[in-house]
Amino acid sequence: MPLVTIDLIEDVFTPDQKADIIDKVTEAMIAVEGEGMRQVTWVRINDFKGGDWAIGGRRLAAKDVHALSAGKAA
Amino acid sequence: MPLVTIDLIEDVFTPDQKADIIDKVTEAMIAVEGEGMRQVTWVRINDFKGGDWAIGGRRLAAKDVHALSAGKAA
Amino acid sequence: MPLVTIDLIEDVFTPDQKADIIDKVTEAMIAVEGEGMRQVTWVRINDFKGGDWAIGGRRLAAKDVHALSAGKAA
Amino acid sequence: MPLVTIDLIEDVFTPDQKADIIDKVTEAMIAVEGEGMRQVTWVRINDFKGGDWAIGGRRLAAKDVHALSAGKAA
Amino acid sequence: MPLVTIDLIEDVFTPDQKADIIDKVTEAMIAVEGEGMRQVTWVRINDFKGGDWAIGGRRLAAKDVHALSAGKAA
Amino acid sequence: MPLVTIDLIEDVFTPDQKADIIDKVTEAMIAVEGEGMRQVTWVRINDFKGGDWAIGGRRLAAKDVHALSAGKAA
């Protein structure tokens, strides 16, 4: 059952980081629900195109999120 | 940006387990993306009613998931 | 893999009709994808509260959908 | 075609405010897409339970959002 | 909190129209919820490929939606 | 009203199979709800990129699903 959908903006994370997100989030789920539920624990990443996601009306590109991640104002 | 939506069947997990899921999944995300993105890391739990989620046509109630979790066949 | 989510307005269909929808949609999926994928074919029903779904700005209650189903103008 | 889904935390807005959100968002869509698409412009509100939506790991209740709305720190 | 997801068929709207949709829908939300919630008002556009969205079993391409918008029967 | 969203991994099914899925699922819905609701029965396919969907932490490519469909272990 548990279905986890992770919405991201494309190109914010590298393929390795995305694989790492899937791995870590899956293990976080199984840590709570128990190993018996591994085969029914589904985790997906859903990419939105840059410019198609806005916060407070300000449309974000990947570089805006990188600036945010580095601690600068969004 | 990252938005995580966790679909569950209601009453499968206790309120404490649900709080734990939100906490562990949030920290899993931040472990990859960096502490600078904490305030834009949103994690939600979305409950489906028992009987409204089917695997292979078999509708699941909370007790079926508990049996699954305990290692019995679904 | 295939995950089917069916959004409805609550109380438009009876519990028996909802079970029938899950059954028929599951079998429709398996008719195309093959029996080997039954265990990874998940079908869910997600209910919206009456008044929380609008078409062209007109918020629908269950009775509006019943009228629509009976062939009257929405 | 356009389908708009508005995820809220329950009890943050009054029923009148929710009706107002549906109305204003529908008209915003039609202002861009044209009146000819009114009948295929669907707008829905999807409520999450208080405590099931977290920002940065902090689970929000309706009162937290009200404080935020009033300009206080979340 | 409020999260708005707008599902469209790709190439129905120009990039300028999509930016306009994001802007107008964001302001519609803030008109109801108050300026204090701007930074937690997220609006996203999610594109579906032409042919992947059907009404009554009829799969729509961008040109079908343009015809609909112009007032012709879908 | 009924809105059906079918999440798939891209390239698992051919375009003909996808058209067949939309057709069969639409008719399954209408078999239960009645012909009067055809024009408000929307069915969409939403493709996830290969590698962006994991079961139990194992990320699936189209070929993994094909193996599954053929009756081999996932």
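Here the chain labels run A, B, C, D, E and F in written order, and each chain numbers its own residues starting at 1.
One rule holds in what follows: a contact is a pair of C-beta atoms (placed from the backbone, for glycine too) under 8 Å apart; a residue touches a chain by one contact, two chains touch by 3 or more.
What you are looking at is a predicted structure, and each value in this text was computed from that prediction instead of being measured.
For the pairs B-C and D-E, the count of C-beta pairs in contact is higher at D-E.
Note that among the pairs A-E, D-E or A-F, D-E reproduces the C-F interface, with over half of its contact pairs the same by residue number. With centres defined by CA atoms alone, the chain at the far end from subunit B is E.
Note on chain placement: the centre of subunit D and the centre of subunit F lie 28 Å apart, centres being C-alpha means. With each centre defined as the average position of its C-alpha atoms, the distance from subunit C to subunit D rounds to 22 Å.
Inter-chain spacing, taken between the CA centroids of subunit A and subunit B, is 15 Å. Of all residues in subunit A, those that touch two or more other chains are 3, 7, 27, 42, 53, 55. Listed in rising order, the residues of subunit D touching subunit E in the complex are 1-9, 12-13, 17, 20-21, 24-25, 27-29, 31-34, 36-37, 40, 53, 55, 60, 65, 68-71, 74. Subunit A makes touch with subunit E in their complex at residues 7, 48-49, 51-57, 59. Within the complex formed with subunit E, the subunit F residues making contact are 15, 18-19, 22-23, 26-27, 30, 38-47.
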